[in-house]
Amino acid sequence: MNIPSVVAQLVFFLVALLTLISGFLTVTFRNVFHAGLALVGTFFGVAALYLMLEAEFLAVVQVLIYIGAIAVLILFAIMLTRGLMQSETSNINKQWAWAALAIAVLFLGMFLIILQVPWVHSGGAIYRDIVPFLGTQLLTTYLLPFEVVSVLLLAALVGAFIIARE
Amino acid sequence: MTLYIPITYYLIIAAALFCIGLFGALARKNAIAVLMGIELMLNAVNINLVAFWRYGSPNPISNQAGIVFALFVITLAAAEAAVGLALVIAVYRSRDTVNVEEIDLLKW
Amino acid sequence: MDIWSFITNPFVSISQLINNVITSILTSLGVPADITRIVVFLIMAIITITILLLLAPGMMMYMTWLERKLVARMQDRLGPNRVGPFGLLQPIADMIKFLTKEDIVPEGVDGPVHLLAPIVVVIPVILSFAVIQFGVGLGAVDLNLALLYLVALGSVATIGVFMAGFGSHNKFALIGGMRAAAQIISYEIPQVLALSIPVLLAGSISLTGIVQAQSGLFGLGWFIFYIPVGPIAFLVYLIAATAEVNRVPFDLPEAESELVAGYHTEYSGMKFGLFYLAEFLNTFLISAIAATVFFGGWQGPFVAQVPVLGIVYFFGKTILLITVQLWFRGTLPRIRVDQLMNFGWKRLVPISLALVLFTAATLWAYRFVMLALKSLGG
Amino acid sequence: MLERYALIGLFAFAAITFPILPLVLAFLFRPKKPTRLKQSTYECGIEIQNEAPEAQAIWVQFRVQYYIYAILFVVFDIEVVFVYPWAVATNQMTFFWVVEMAIFMLILVGALAYAWRKNLLEWV
């Protein structure tokens, strides 16, 4: 028996369990604030998955942006629109049964396709720090998207300001 | 560590997370909860991108397309959340509700 | 192993010794090599984690003592002097008191959120200790993304503050939590940008890489001496980081005179103790990071010959920086909310952005000139 | 590469137990004598105005200013994420290395300037 393999799979299942359970809680919690906290748990799980895929930089970015910024943004929005977190009424709309059915079919389809396709495992080894290479590629191959991102952020910011200000 | 886990595991997890997010986006009443569902879906997509980068690229160091794509998706998700939540707050201020079923002014 | 290297580098030598002893015992028992490796890894991990988890509260306890003594002296008082010599046992008495205090949970709180908030605040701080380099080769983990890792963990604390504010079912806690969150996010940008200056200068995000880049000039090539970017970046970092952990003069979220105790109004007993622990450990962490990236970390004269000096240098610099923050606390008045926000967004953010670009341009110019000189000479 | 993260993972377990342990210890030692008055929400000694028993009872309408700061924060946080890989791309240290980041930053400074001009940064 190969011990590292068993450990890796065990860790993977724990992380996957954390991700899926907190993802499920995100869409089922009645209280929106609780749903937001469950969302943070999901983000952590996804960050751990990135780590297992050796994308350390992305894992750190996941924590920094998704948890540190986007989740905080969502929590701010929840606080600003509080007072109508009706806990007595249902938080699920009328079409939920149909949605669940369609999604179950979708998942089954994706599951079967994933099992059918002969995926290649041709990933090379990562033997050194890859972040400097990421920086280099951002400045050469992906220069245009890199600069366009700043325009996108500017547009989003101005748009959000105009919509949100009093 | 990667090589111990088949890529299908990651893809299935991502598919499941995507479906959970889709359910949240379709079935929740609260507009903010709908946005949370969309964030879950974007995360699921990112898992796929990174998994394909790690398993599919023979030289993952000099070709980090998966990471770069995931980075841009995260950026887009942030922009989307900022504008989307601003809309929710604006609607809340004028209509006093964040329930997507009651925001039906354009419906006839 | 000769005696000299053992004396000059005792901690690393001892850890190697333990490592070798366990490996040889297991090998002689006939355990397979890969299992031996895992067992040794686990034992070393447990030892490291235990040491760090004992160090963290120990530091915190004596920082409270230092703070009380120093602030008392600044205010012409004596400070704690009854429990033990110079009041040195006071922190232990405080800890016992925390443990025996009743835990009052007001009615109407959001039970799980109220309970989890102090835990969520403490976990990232403890995790941050994993990457700090306390001396030459003395750090639990040497990550190549250590600085970003620290920044990312620091940003998780906002969630804990939100939870405390939301879960307490109290207006003061709610307002305090929202204010604290707004303040933390406003000052995070200048903090992270200031930390990117050493990254630029060293060309590395790992703490070891940054410390090694400061080894010039007989162990005194610290980034703080890189005039003018070093001192400015350090000042921006110190101000932003102090604001981020809500310490005086940026303690508006827990301003006694208006908000009672801010987001921990409804916390008592050990739960309050955990918030207190997180605050002090954060102060320690800020000082440790500043000491590492701006003051050369364990770098100093004769470290190459006597590596154990590194620990002395590191803790000396860190405690000095902690004292500076306590000195702030003893002398500065609290600032207003609008001043706080204006200063963060209208002063610190533009300054730090300009600083990053200026540093990059200078680096490029330096490189350009060096290349030109080389081509002229060769 | 990932062995160090194994230690971080173990550290995470330790970090989770670390705050729980004193809470459990305190649970064993501390007195438990709840009274009605002690359990009431702190409100400067005044009795709390309780319109509804639910979570709505304590609730403040916050200003949208908080959200505006949050948006600014998100935008600049993303910028920071791009700054770090750029800062370590040392083999790219040409003139364009500076100019590319300068363009990126100046566009975002435009965003800050917009907010400044429109008085969105004022905490009234």
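Per-chain numbering from 1; labels A, B, C and D assigned in written order.
To be clear about the criterion, a contact is a pair of C-beta atoms (placed from the backbone, for glycine too) under 8 Å apart; a residue touches a chain by one contact, two chains touch by 3 or more.
Predicted model only: the values in this text are computed from it and were never measured.
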{"item": "Of C-D and A-D, whichever chain pair has more C-beta contact pairs", "value": "C-D"}
{"item": "Central subunit by CA centre of mass proxy", "value": "D"}
{"item": "Interchain centroid distance [CA atoms averaged], chain A/chain D, Å", "value": "18"}
{"item": "Separation of chain B from chain C, taking each centre as the mean of its C-alpha atoms, in whole Å", "value": "33"}
{"item": "Averaged-CA centre spacing for the pair chain D and chain B, given as whole angstrom", "value": "21"}
{"item": "Junction residues of chain A - those touching two or more other chains", "value": "4, 31, 52, 54, 56-57, 61, 64-65, 68-70, 72-73, 76-77, 79-80, 85, 126-127, 131, 134, 138, 149, 153, 156-157, 160-161, 164, 166"}
{"item": "Sites on chain D at which at least two other chains make contact", "value": "2, 55, 59, 62, 64, 66-67, 70-75, 77-78, 80-82, 84, 87-88, 90, 97, 105, 115"}
{"item": "Of all residues in chain B, the ones touching two or more other chains", "value": "1, 71, 74-75, 78, 81-82, 85-86, 89, 93"}
{"item": "Parts of chain C lying in touch with chain A, wherever the complex brings them together", "value": "34-35, 38, 110, 113, 143-145, 148-149, 151-153, 155-156, 158-159, 162-163, 166, 178, 181, 185, 188, 205-206"}
{"item": "Residues of chain D touching chain A in the complex", "value": "1-2, 5, 9, 54-56, 59, 61-62, 64, 66-68, 70-75, 77-82, 84-92, 96-97, 100, 103-105, 107-108, 110-111, 114-115, 118, 120"}
{"item": "Chain A partner contacts - residues on chain B that touch it in the complex", "value": "1-13, 15-24, 26-30, 32-33, 35-37, 39-40, 43, 46-47, 50-51, 53-64, 66-68, 70-72, 74-83, 85-90, 92-93, 96-101"}
{"item": "Chain D-facing residues of chain B, complex", "value": "1, 71, 74-75, 78, 81-82, 85-86, 89, 93"}
{"item": "Sites on chain A touched by chain B in the complex", "value": "2, 4-5, 8-9, 12, 16, 19-20, 23-24, 26-27, 32, 35-36, 39, 42-43, 46, 49-50, 52-55, 57-58, 61-62, 65-66, 69-70, 73-74, 77-78, 80-81, 84-85, 90-93, 95-96, 99-100, 103-104, 106-107, 110-111, 114-115, 119-124, 126-128, 130, 133-134, 137-138, 142, 145, 149, 152-153, 155-157, 159-161, 163-164, 166"}
